[in-house]
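Both complexes shown next keep chain A, but they swap its partner, so chain B is in the first and chain C is in the second.
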Partner chain A sequence: MSKLIFEKSVPGARAFALPSCNVPEPGELPDSFLRQEDALLPEVSEVEVVRHYTELSQRSYGVDNGFYPLGSCTMKYNPKIDEWAARLPGFANIHPYQVEETVQGALELMFDLEEMLREITGMDRFTLQPAAGAHGEMTGVMIIKAYHNHRQDLHRTKMIVPDSAHGTNPATAHMAGFEVIEVKSNERGLVDIDDLRSLMSDQVAGLMLTNPNTLGLFEEEIQGIAEVVHAAGGLLYYDGANANAIMGVARPGDMGFDVCHLNLHKTFGTPHGGGGPGSGPIGVKAFLADFLPVPVVVKRDGRFALDYDLPLSIGKVQSFYGNFGVMVKAYAYIKALGASGILEACENAVLNANYIRTRLRGHYDIPYDRLCKHEFVASATKQKKEHGVSALDVAKSLIDYGYHPPTIYFPLIAEEAMMIEPTETETRERLDDFVEAMLAIARDAVEHPEQVKDAPRKAVIRRVDETGAARNPVLKWTP
Partner chain B sequence: MEIKDGLYYSEDHEWVRVEGDKAYIGLTDFAQEHLGDIVFVEAPDLDGQFEAGAVIGAIESVKAVSDMHTPVSGKVLAANEILDDSPDLLNKDPYGQHIAVLEMADRADLDKLMSSADYAAFCDKEAE
Partner chain C sequence: MGYVPNPSRVVREMLEFMGLQGRDDLFADIPTGLKLNRDLNLEAPRSEQELRQELGRLAARNTTVDDRPCFLGAGAYDHYIPAVVEQMLLRSEFYTAYTPYQPEISQGILQAIFEYQTMICNLTAMAVANASMYDGGSALAEACSLACDVTRRSRVLVPDTVNPSYLEVARTYAAGGKMDVVVVPGKDGIADSAAIASLIDDQTAAVVVQNPNFYGNLETGLPAIERAIHSRKGLLVMAVDPISLGLLKPPGSWGADIAVGEGQSLGNPLNFGGPYLGFFAASEKLMRKVPGRLVGQTVDLDGRRAFVLTLQAREQHIRREKASSNICSNEALCALAAAIYLSVVGRDGLKEIAARCHQLACYAKNELQRAGLNLKYPQPFFREFAVAIGDPTAANRALLDQGIIGGYELDGGLLLAFTEKRSRAEIDRLVSVLGGIDNE
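For the complex of A and B:
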């Protein structure tokens, strides 16, 4: 492993030379607020700084390097034209405090993006403020809470989440002050509607659900689920992390959901996972629109404006108006695909997942082996039982084959889970190559399991001690 | 996989060792094997009152964070402080390390738990 930038520090080395200060020294600042010793910044020459970070950048792995089948993360290719759009000076060089008359184009883009998201989801109003998916969840659950409170329905202290839920769902409900109640999955991997019925009461604020769920399976009884929740006075929250599986085909608003979030950085092709900030807009049905964060973008007499006049609003959830650059990219993405392109992207995402699933069949266990949506769960139970090779070992081995590993050990209801989401942007040849790598690892597990357990063997950094890092974390460098 | 005689077992894979009115609660070998390397134990609050089946703490492994339930109702008398620094002992010696000690409120709770033989059959079924 190469050295940290701090370890490369040489006293006196400089990457810059500032002219002497021509602003008067701030003499009146109290001593207690002034630094008494130099900051411990690394002293490195300019060329060494450039080399250091260039080396690190070359070690990173993203969708522009290769296939990234990270389940539930929708690591699709991010079209470069969206970057061009976000860098247009009219979008990139505006200031959030500019008067509305001078940013009409930016406001129009937000207004139009909201309209497109409404059409895609079947919801009535949106806020574009939340900065990511979990932030959107938090906003949505706060709106649900505000709705019940406004109706003086003050005993709804519980939120139901499935045992297959994304971890953010129970975390969000807990953060918002709800007691989290788990609803079981049935043997088909779907919400057990009888269990749900038994859990519903006038103390339940709502149900948080993703559809398709984390097994990539569509909740076929969604209308029945919605009826059960609504009949008891609860609301339905749609976790939009898996929206890539239904966009253009089915809409949360039509399924009975009252609140939904979307991850622009997953479904609508903007970079994420270190590649850029996220954006997690929230859509609501009309009866919840008054609770949205302020401001919302409105159109009055042909002009666009920011409306702060929502007396029941839960307030602001993000500085200014959200991650605007991400909105521009998502807008460009949706406009480039159009309605038919959105549908086609969804269909190809589903096709690609089913293609890999059927090709891995017989080599890996597939716990819920039937038509899936955009992702599916494979399992290393067979390899674990017969050769001691776990899902973790398979994942590490994939690194040696040049692939980013899938999500592992999630969802929790599947043993030795490997959650694979190829997305629509991969070619048939790429999918085949990935499958060949998975089959080779399955053979390796039989023929020389010790090598798989030792993987990665070709990476710059070999198997890291994840347990040791968690038990005894070293969080800062010390000289 | 080891299952120890003389203990009571819950369907959440916790064991209970009874000494007088005290119930020592821990994780079974089956549970630690499935959780993987345990990296953190969130101990229950001292003097906390819990109903049987309630969540009293959490177990974090390299795979996931799982709720820790109490199979019996009662008041928390003590937590096993050794686990603060050495959570790995739950992997190495699951029956030798308890997680909490409760003052049992109702001995009838024990009737709802499994014997070692019943628990062995339960695990076989779960493993299928």
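For the complex of A and C:
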């Protein structure tokens, strides 16, 4: 067990000293504003701080440790040159309020990144301000709202979201003040277009759609869907979390989407940071460009500038211009790949997913067993029914085999779901090893189900008491 | 260059294994009419060597705070970042992981977040802190919307001494329709506590106070505002600067129900505005309403201490449209930077840094006054203040000509920030330039 950094405190120990200073000591703060008791922070030497965080890193697992098929999250390899680039002092050590002439390089990078994202998505304008996918969703849905309001079309109070949608979609629509209406999936795992038709009315602001959807299936009737939504005056929102599956092959802008977000931290190779930071740029068609958050980056007479003059703008969603450090990495990534690399990445993401799907067939249920895109959903229903071994048990067993588990119990429309997304940056050998582990677990489920239900045994801890954690929450250390 | 590891021979074999003729078959489900059927119009792929040169060139076109002393603050601050922070963040087990959904394989990250939550609670004197929000502005917006949710009221009073960007973000969120942000004009660079008190009614969900406020000033009316809002059963939301909390009374001691702020100062580079981290802390009562990830302590099957994401029934992946927020990815790595930073500077270091910032700011104020300049507001401040200047744009240009990144331009003033990175000599240069310009 790791001690907490607080438990390593030794009164008087320190890892920091200020430079000397030769200005007079002041004493101008009113007493009533002073802190009475020091904030309890660690007192630890430098070497112990370093050992502490090194140890914590060793108790963590990233893409650099091994295969991380966490569905919907696109855990691809994060190129090291991108890390180098984002740490260049010319990018990392510039203040957001410096005058434009001193940050031309940064503005140019943002301008060029926007241009590349436009080409990749077929959208007309972008904002790079949102800090993550869900933040982009909120920005996009607010733009949809502002558009209807601007047209005095004030009764569009509903947002349609598929039952297979990611949780952020309905949560976003609700935050933006919409009533969330769920559209059913049909037996093929796609939006039920008849159900959609029956839900559409002049009260519907739009439809939020992920394509390929969270089952990894391409919404083949997307043109029909777009027609239905547009005919009733609604707008079409593209959740771009799965853009890795289509980039270079097809574009949301050509499918009829009016607004789309991208997750730079999925599709464009920037690391996930243990939970963030991400970046969730929003692209819109020209007729929505006036509603984008301010500022937008523009080029005037060969100079780059921040333009705040967008009278219809929804406002700001972030204090400054977005997660610039993440943009640098995505920019470097797209530049490295070019058109051919983007297509190759997409093809191989789809290839790898289908390869695993094909190899698992017969050992696990695959609820929608046909050509998938970058991910697919397998199910532990058979193991559960026959041996009491659930998706959770399979996931925990994978840890013992040295893998990060897939996303489980999502999407909600598949039972005992295990959503597997290998990404393009895995070798066939690794995919084969992973499949062998999955097959071994399937055998274990038959022969020693108790063992599977007890997994993991090789991790630093065994399964944890989650119920106890929620019932009696301990959310901070107390001495 | 791409990062696909399988050589084309292997790709062919994999296609064959699946009974597919070629790569196009992988996209047979996409209607032909929707296919791009051309190459994307992007520049030719770059080698790593070319990338290095190009990015180096772009970066070199920016003037950095390493090249020029920087007196800009206004929500983002040029504090020193210890080498340990940078080095530890390069551990790729941290930065190439994602949200620690699976506790057995993520104890390190979970523990680091638990420690971060503890540090934020201790700094702010609040009962709970989440694992981070996107930034200070969005944290404040979420705080306002939480206040509206729990009080079932809709009005939020915000003095115009709050960071204008935060205010704009809150306004954008308010378009959701559940809250109404009312801006109350300040007086002499601080909130007008009497005006705020007179506006508080039983529809007021919260009052927001930023301390030190956007102008660097201490909000001396805080006790009156606290009494006024709590007597009408509304919430006090405070935005605070984490460095200041080494010295200044924390929001918990002022009676705040929610405390938020921009955590960039804690070990995160300026990054031209992001990624930063919003911190979000609240009273015990609000624990089950807090947005975002929370890490809790528990035990494993053998009774060992363990950490796990908890109270997830608040979150979008469980509650969908009923979630307390839509946030999913947060700013975990920036929060980790903050935790490492606070571990390095430690209990005494943070106090010393805060005191040094204040000391340098006071020195600058005295020197500016000696040079004949006046403060824009007659208020006590922490590490940032506004000096009255007729043409702040011209002043900034004069400073830049002398190799100094000046301040944030206000109407008739320049907002100047002083971190521990500034030296006496740099301040003397600042003063001599500002003292020398024609100021009406």
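As a convention for this text, the second predicted complex is superposed on the first by the 451 of 479 C-alpha atoms of A that agree within 3 Å, B and C clash if a C-alpha of one lies under 4 Å from a C-alpha of the other, contacts with A are read in each partner's own complex, and residues count from 1 in each chain.
Criterion: a contact is a pair of C-beta atoms (placed from the backbone, for glycine too) under 8 Å apart; a residue touches a chain by one contact, two chains touch by 3 or more.
If you're wondering where the values come from, they're calculated on a predicted model, not measured in any experiment.
J.: Going by the contact rule set out at the top, does A:E466 touch chain B (first), chain C (second), both, or neither?
T.: In the superposition, A:E466 touches chain B and chain C alike.
J.: For A:A176 in the superposed arrangement: first (chain B), second (chain C), both or neither?
T.: A:A176 sits against chain C, while chain B stays out of touch.
J.: More residues of chain A in touch with chain C or with chain B?
T.: Comparing touch counts on chain A for chain B and chain C gives C.
J.: Just to be sure I read the superposition right, which of the two partners does A:I314 touch: chain B = first, chain C = second, or both, or neither?
T.: second
J.: Which partner chains sit in contact with A:R300 here, chain B, chain C, both or neither? Use first/second/both/neither.
T.: After superposing on A, A:R300 lies clear of both chain B and chain C.
J.: So in the superposed three-chain picture, is A:M116 touching just chain B, just chain C, both, or none of them (first/second/both/neither)?
T.: second
J.: Who does A:I94 touch here: chain B (first), chain C (second), both, or neither?
T.: Only chain C; A:I94 stays clear of chain B.
J.: Touch test for A:S340: chain B only (first), chain C only (second), both, or neither?
T.: Once the two structures are laid over each other on A, A:S340 reaches chain C alone.
J.: Considering each complex separately, which residues of chain A are in contact with chain B in the first and with chain C in the second?
T.: Comparing the two interfaces on chain A, one with chain B and one with chain C, the shared residues are 410, 466, 470.
J.: Can you tell me which positions in chain A touch chain B when the two form their complex?
T.: Against chain B, chain A makes touches at 409-410, 412, 415, 466-467, 470-471.
J.: Can you tell me which positions in chain B touch chain A when the two form their complex?
T.: Touching chain A: residues 34, 36-37, 39-40, 60, 62-64, 87-88 of chain B.
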